[in-house]
């Protein structure tokens, strides 16, 4: 047994960072998902000009933990005419696909499970293609009208916009010339531009597609709480519902980090090549110090003694971490290096991804919901041809600047203008042709077979 | 050692769920087992270092074709269990034929192994830390030697697109 | 260092299972699924030989086979839907319009 | 197996184990179920369902899924092209890089225009 043990040890020694990351993702992502939900609730309360709950912990920060525990111990209810096996299988598939695709995402130069795979970002994109399966199987297994209609809608929407997102990503891969995550980020440094500036239309299309793919308002048709109860997951409760919930939030994180990595420069700071902005590299330390100072400032104004003590503790923690960062910067030893490349290096990504998710939330409270046929028409009539033309135009821009020596920004400007003009044209055509009766879409089972089916 | 453990892991999943797939009565259960077979096969592709094929298997087969299958099952109410073939003779003939073909091919493969000088061993990987990027290699083949089949594939897709819409559309308005 | 025979036997097993499914099942959809399984078995062979000869051609053709399978599934299921509309059955032995 | 994928494989097994183990463990430590058969009826706004939910639904959705499969194949063919594009440009083969994909996309554009004219994307008109 000794050689086997030896090889296992060698394996762990070679891959301990990746294995640690794997463990961390499984342990931390559920917590993060739960707290994203909390932030969203706070934001919703703010938008609707009402106070949010304040009971459990300061600002109800601990509210989510009893909520999650309640879900864990809730009765596990399987409806009588549901399909037992698939009812069990579908949420597990959803959750597994969502978290596995997170393995290929790099949250900083160090923090990545799949460090050296050649597939890189394509792995994250590909594994999240399993998402529609979890939803449609869950809806089918419930054996109930609303979940089935919700699942059909949801899957139709997901698969339509998966194609759109795929084309948008192709325009990013064209600019990168590689799939490897770290190489993509590195190329944005050496090219001296985030790809959002070189393929703005591509980023815009990806943004829309990612909102649709994560079922957020204004595209939350699968759930439509006022029409379909809760869509495909209406019959799910307790822990199974929690699995779907976690999968959804994990998907949000995945699409946000894929978009950030490919278009927004990953963990690069803004304008990584501009000399006088170099102080931005110290942003994590400065930010932590500022948060600590603010806590000290607020600590005196807390009504209760415990609260002010808590603020002091937070301030102290911030100052300690900031000091470690400041000290770690000049050194290169392993523990410091882990700290430096791991947390410090991931700082900008950890800032950009929440900003991306914040945009989702913001739109949620700003825009009214789309109708299903409008959503489908937007995808198939406008975004897919636009995304294809964008791919071609990005290719032409690259060819112009490398073959004929044009200025890169000039060629980007011209081709982007061409893409936008094409988009305007599609919009016009679509407006002329969209005189279809919307009532046909409202009933979700308007088929000739219905005449004898119900 | 590790390679063969991974191979037998995926191969076992593939074969067991393939058998389950053709024996389930419920079409959705069959589809689920086909999905696990396809995923296990994707794992085998990965074990053979065909990384791009691994991901296209997942994107196209599992995320595309299987979704289409489940859609059709849901749309046409095939989820009710159907009666099996009544005459059992056809089943026995099928098994017999399959076993005969399997035996023949198996014998061929088995003896090919014994031919001297042809160990039929998959060459060991170069112990480099970094493999040649498979996607780029495949792209060179796809856009080099096999450019014409690639263009023909687009014609095939065009035909499929038109054909499927013509088939699925109702005749009333045509 | 795996002998290629392992892959060939796996592919053979999947192929035969698929073939048995095509012959014995009555439900047209499961027959189509079995055909997908057969195509998949072929892909394993192609990829295994591609690795064995160190040539990428096998992988390219496996990709074409997947594309062809997608086209086949789309058209095949379209035919099933068209058939359902006319005959209300998915059983293979009731599709006997051409039987004389 | 390329070595870099082994942590990923372990990770996916871990991720798979997380819900499965939790579901099984919770089954034993959770308080028991109470209530009659009403609880296990499908939830449809409190109205008892009259028809089975496994009735046939519209084939519109099938057309969307079918188009998705075809377009998805296109995307998968685009990825290798996109990855090699810059190395072709570096070798000054811009024409070689662009033209095959133009032909490929052109042929599919014909199909797209046909579908557009036929109204395959107009969900409501597909009745």
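Brief remarks on what is shown
All chains are identified by letter, namely A, B, C and D, in their written order; residue positions are counted from 1 within each chain.
Everything below uses one rule, namely that contacts are C-beta pairs under 8 Å (C-beta built on N, C-alpha and C of every residue); 3 or more make two chains touch, one makes a residue touch a chain.
Just so you know, these numbers come straight off a predicted model, no measurement behind them.
The minimal number of chain-to-chain contact steps leading from chain A to chain C is 2. Contact count check for A-D and A-B (C-beta pairs in contact): higher for A-D. The centroid of the Cα atoms in chain B and the matching centroid in chain D are 17 Å apart. Averaged C-alpha coordinates give centres for chain A and chain B that are 31 Å from one another.
In this assembly, the C-alpha centroid of chain C lies 20 Å from the C-alpha centroid of chain D. Residue positions of chain D with contacts to 2 or more other chains are 2-3, 5-6, 54-59, 61-62, 65-70, 72-73, 75-77, 79, 83-84, 87, 105, 127. Within chain A, contacts with two or more other chains are made by residues 116-118, 122-123, 148, 152, 155, 159, 162, 178-179, 448-449. Residue positions 63, 66-67, 70-71, 73-74, 77-78, 81, 85 of chain C are each in touch with at least two other chains.
Because contacts link the chains in a way that matches no line, ring, star or complete pattern, their graph is best described as other. All chain pairs that count as touching, in label order, are A-B, A-D, B-C, B-D, C-D.
Of all residues in chain B, only 3-4, 7, 11, 14-15, 18-19, 21-22, 27, 30-31, 34, 37-38, 41, 44-45, 48-50, 52-53, 56-57, 60-61, 64-65, 68-69, 72-73, 75-76, 78, 82-85, 90-91, 93-95, 97-99, 101-102, 105-106, 109-110, 112-113, 119-124, 134, 137-138, 140-142, 145-146, 149, 153, 156-157, 159-161, 163-168, 170 touch chain C in the complex they form. Within the complex, the chain D residues that touch chain B are 1-3, 5-6, 9, 54-59, 61-63, 65-70, 72-77, 79-81, 83-84, 87, 100, 103-105, 107-108, 110-111, 114-115, 118, 120, 126-127. By the touch criterion stated above, chain D contacts chain C in their complex at residues 59, 62, 66, 69-70, 72-73, 76-77. Contact residues of chain D toward chain A in the complex are 2-8, 10-12, 14-16, 18-20, 22-23, 26-27, 29-31, 33, 37, 39-45, 49, 51-61, 64-65, 67-68, 71-72, 75, 78-79, 82-87, 89-90, 92, 94, 97-98, 101-102, 105, 109, 112, 116, 121-125, 127. Those residues of chain B lying in contact with chain A across their complex are 1-2, 26, 28-29, 32, 35, 51-52, 54-56, 58-59, 62-64, 66-67, 70-71, 74, 79, 129-131, 133-135, 170, 172.
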